[in-house]
Amino acid sequence: MLQENAIIEINRQVAPGIYYLRLESPGIFSRSHPGQFIHINLGTTYDPLLRRPMSIFNAEEDRISVLYQVVGRGTEILSRFNPGASLDIIGPLGRGFEIKEKSRHFLLGGGIGSAPLVYLAHQLHRENRKAIFFLGMRTEEFLFLKEFLPSDLEFYFSQENSPAGHPRLITDLLAPHLESPEKTALYCCGPEGMYRQIGRLCGGKNHFSIQVSIDRRMGCGVGTCLGCAVKVKNPPREEPEIVRACVEGPVFPWGEVFANEL
Amino acid sequence: MLQENAIIEINRQVAPGIYYLRLESPGIFSRSHPGQFIHINLGTTYDPLLRRPMSIFNAEEDRISVLYQVVGRGTEILSRFNPGASLDIIGPLGRGFEIKEKSRHFLLGGGIGSAPLVYLAHQLHRENRKAIFFLGMRTEEFLFLKEFLPSDLEFYFSQENSPAGHPRLITDLLAPHLESPEKTALYCCGPEGMYRQIGRLCGGKNHFSIQVSIDRRMGCGVGTCLGCAVKVKNPPREEPEIVRACVEGPVFPWGEVFANEL
Amino acid sequence: MNSKLKTKIGSLQLNNPLLTASGTYGNGKEFSSFLDLHSWGGLVTKGLTLDSRTGNSGIRIVETPAGILNSIGLQNPGIEYFLREEIPFLEKLEIPVIANIAGRRIRDYEELARRLDPVPAVSALEVNVSCPNVREGGLAFGTNPALIYEITSRLRVITDKPLIIKLTPNVTDVGAIALQAEKAGADAVSLINTLLGMEIDIEQKKPLLGNVVGGLSGPAVRPVALRMIYQVYRQISIPIIGMGGITRGEDAVAFILAGARAVALGTVNFVNPRAPLEIREYILKYMERHNFSSLNSMVGLAHQEREA
Amino acid sequence: MNSKLKTKIGSLQLNNPLLTASGTYGNGKEFSSFLDLHSWGGLVTKGLTLDSRTGNSGIRIVETPAGILNSIGLQNPGIEYFLREEIPFLEKLEIPVIANIAGRRIRDYEELARRLDPVPAVSALEVNVSCPNVREGGLAFGTNPALIYEITSRLRVITDKPLIIKLTPNVTDVGAIALQAEKAGADAVSLINTLLGMEIDIEQKKPLLGNVVGGLSGPAVRPVALRMIYQVYRQISIPIIGMGGITRGEDAVAFILAGARAVALGTVNFVNPRAPLEIREYILKYMERHNFSSLNSMVGLAHQEREA
């Protein structure tokens, strides 16, 4: 965890409202793992005041990158930084995905949530593990992601606006792959509704290990403001425990967060 | 007085920390007079919140321009706007210089304060009036101004860092021109200390008419917040009256503001 | 004009909920080149006192993070001048004009109310008991529930025009004060006036404003204003005019959901003179999107949902 | 380290005037990868209660114009855990540690003071009587001068460690409250805690924060904080620890000139972990430029100049 003034190499729109930002950040690069995030300072104005958390989209050769969607003022400001400028970032933050010793690895991304899974896909690829990428989208706005993935990665996508009979939800994609008793690790990143659906499909099954990345509004990003509370089950204690998405997360075992809801 | 989204044509550094900004602003152009100013919105952030007042530096062919010095956050932000972008401006604001029916016109500018006098110089030139430009500076940082002035204009400058014997203050430049009994209009723009010195030199003399541009922190710029109060003498009333630099000013007859101080 | 936006403050009918905040809009004239003044629901005048006041000396306005501090000190030409020189302009307006009054003693307020009561161009009185920029008093009234009761009931006898008490946020319990205004017969309360603040010139080592302290307004104070409106809404049943940092349509909607029946725009006018047009447009779109057929049905909804 | 920056809060010696603001810095550990914790004058712990608290549910932090609203609700693992798990880390620090305590009833505070009094690693107690995020109480103490007297004097008997009362800004007269703390034997007061505010989710039509209201901090509140410190400085003679929106060296200097003998940094830590280093540097340069040989000689100077 360190603060770095990272030089912007690329900050380019790759799809409507979606930007790819690549930073020279050797310190953070060398410490980062898939699922972790950085905290970006948007400049000297007090408005907006806080840093913005962004997952690490990929990390290669002293560079880290971020894929972000312009949804508000902060991301809008970010999109206007030019290459060559420097960004004050903190990272890598949080606990990323734990790569499990399973025979299959399923990466399930919902929309922009897919960002950290790209880094994970490359990591799995480097480790020669068998992986499948499942992408859920509203229309086709995230199809470009394929270009950022290892070229030989098995890849499926669903679109909410698909005609009947075609996969509309990520669970439509997933279902056919669940028959096999193979031990499978699921890495999920998207809206919480998606996690619930995935859980209903395979939460109870022992040969699945599911991790989910939890999104919370963040203050500090480093564990001191307690703004990013997540309730987790923590057996043998009855009461849920309050942990921090920015330190104990953002990645949690699915069961810790959602098991009570099944 | 109107609000216009003016397209930036030029926003260029012309000397260290000094920028020349030219805007396509036909509405404000067609209504403006030397000594008036515009009020510039710096963007959508709440910090800084207020517009920034800037004198009109020149106005030609549907364009107005501004010469500004980067002294703080607002002007720093302004310096980063790119040509092609649009600026939300209000103007022309305030009461500018009144061109007097005198045989000579002296323009006395202190540093960045000289900006509105450039516009005035062009106006006097268009009207074929005899004018002299006196420029006071600390070092030589404003010498570039000459390039923006009518080429045949008589021009003198003083530098505070000059060697002994050379003019250091604007009053050193002015003194030799005061012997003549010619009726003279003085138009001054600079720090208040300069106005006091000029006043001591020629405030009491009847054949001089002196106007000064008064700098106040501004809120609205249009006369409603009463933040820009200036105390003026308003005979026959004994008590000074409070007027608004943004509406009744920024240009005032020297006597209204400084006569009591002689 | 869209009748969905109509709202009422006591007997005062407004075409839309947007009012000018006192002291930030002159008496409207200055802004008439940017927009049709009839776009407003009503116009609140700058603060009026009996005699003319020259205001505070020294620096009067300074920018702060997302806000401004002002210490104008109630500069105004006095009631005499107002009646003679400004009423002729105001009486031509076809929207309600609310006169904002301030004084040092209760009898100043009484006298002001007496002078304004017979003026047809003045539709209502807003009583500023909370100006932080006058040393002699003002603030003292605003922080004392008993005095609020006293001043409200004394003015109530003098005029039948809608009486709006403008509350200061610089108190422990704004609800208790609002309650006294209601009990004493006020038709509405407006809040918030500015938060007391200051700035120091560290090079000169002294307070930056001529008057040492000033009033904080603008977006910075919005969360405080919203909280106070939400809180007061639970304690009184007369209408609330909400203000404090509103700059966008979203803000105005939030204030209405918190319990404001009308909202006033102050500092934003200095930055964006077209704000009332944009905000009015936003509210209409919001109402459409959420199926509200009247502004009234939106007021205070943030409470209902909570109880549900 | 530069001895010019030394300052004292009661018997507490600080190498420099910069403290962490309670609740914004954990117990320091998290930030130790960004800077040497010994750069601080002292460390104020997050708020401690007797029992562990899980804090408020729902959204707990939201950005506002130049500020943040938080409704953490005093989440903390309780005194037991603190003594067992966190003291070992804190006792290795060579700077003073100030324990911030909060409770629902006076006897909670008494019990906390009793438990902390014998702990050598704890150099002083900061008594939070003003947390706006606990519904059961807290705020009630902070707004009532008599209760402040009561709680301070009761704690005074229990401990000889410097006792710092942390005041809420959500009151009419913060000076009156500070005065009671002084009279009852407090060694210092710290101010300000957060301003009570709220935000509304207009799409959901309900308060955005899980706890409805929250505490406003950050640059937005700075002018209010500065004014209160300036004001309290004229009324008491014990030291003031100033805080509220400090982000730059200039701000810290302004607070000191207004009367603060030490300053705490809160929200800024979330944005710029290196702020204490930059601010310390700035103060030193400022002192050089203005020929101050000790921090002490700067404290409250904004008043003196005014009287001159």
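Order of writing sets the chain letters: A, B, C and D. Residues in each chain are counted from 1.
Heads up, the rule we're going with is that a residue touches a chain if its C-beta (ideal position, glycine included) is under 8 Å from a C-beta of that chain, and two chains touch if they have at least 3 such contacts.
Just so it is clear, the model here is predicted, and its values are computed rather than measured.
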If you average the CA coordinates per chain, which chain's centre is most distant from that of chain A?
B
Chain centre separation (chain C, chain D; CA means) in Å:
34
Using CA atom averages as chain centres, what separation in Å is found between chain B and chain D?
47
With chain centres defined as C-alpha means, what is the inter-centre distance between chain A and chain D in Å?
36
Of all residues in chain A, the ones touching two or more other chains
46-48
Chain C: positions in contact with at least two other chains
65-67, 218-220
Testing understanding: with touching defined as stated, what is the shape of the graph linking the protein chains, line, ring, star, complete or other?
complete
Show me the residue ranges of chain C that touch chain D in the complex, using the header's touch definition.
64-67, 69, 143, 170-173, 195-200, 202, 204-207, 212-214, 216, 218-224, 226-227, 230, 245, 250, 253-254, 257-258, 286, 290, 301-302, 305-306
Give every residue of chain A touching chain B within the complex, in rising order.
44-48, 73
For chain A, which residues are in contact with chain D within the complex?
1-3, 41, 46-51, 88, 90, 217-229, 231, 239, 242, 247
Hey, which residues of chain D end up touching chain A in the complex?
23-26, 30-31, 33-34, 46, 54-55, 57, 59-63, 65-68, 70, 72, 75, 218-220, 247, 267, 269-274
Residue numbers on chain A that touch chain C, as the complex places them
46-47
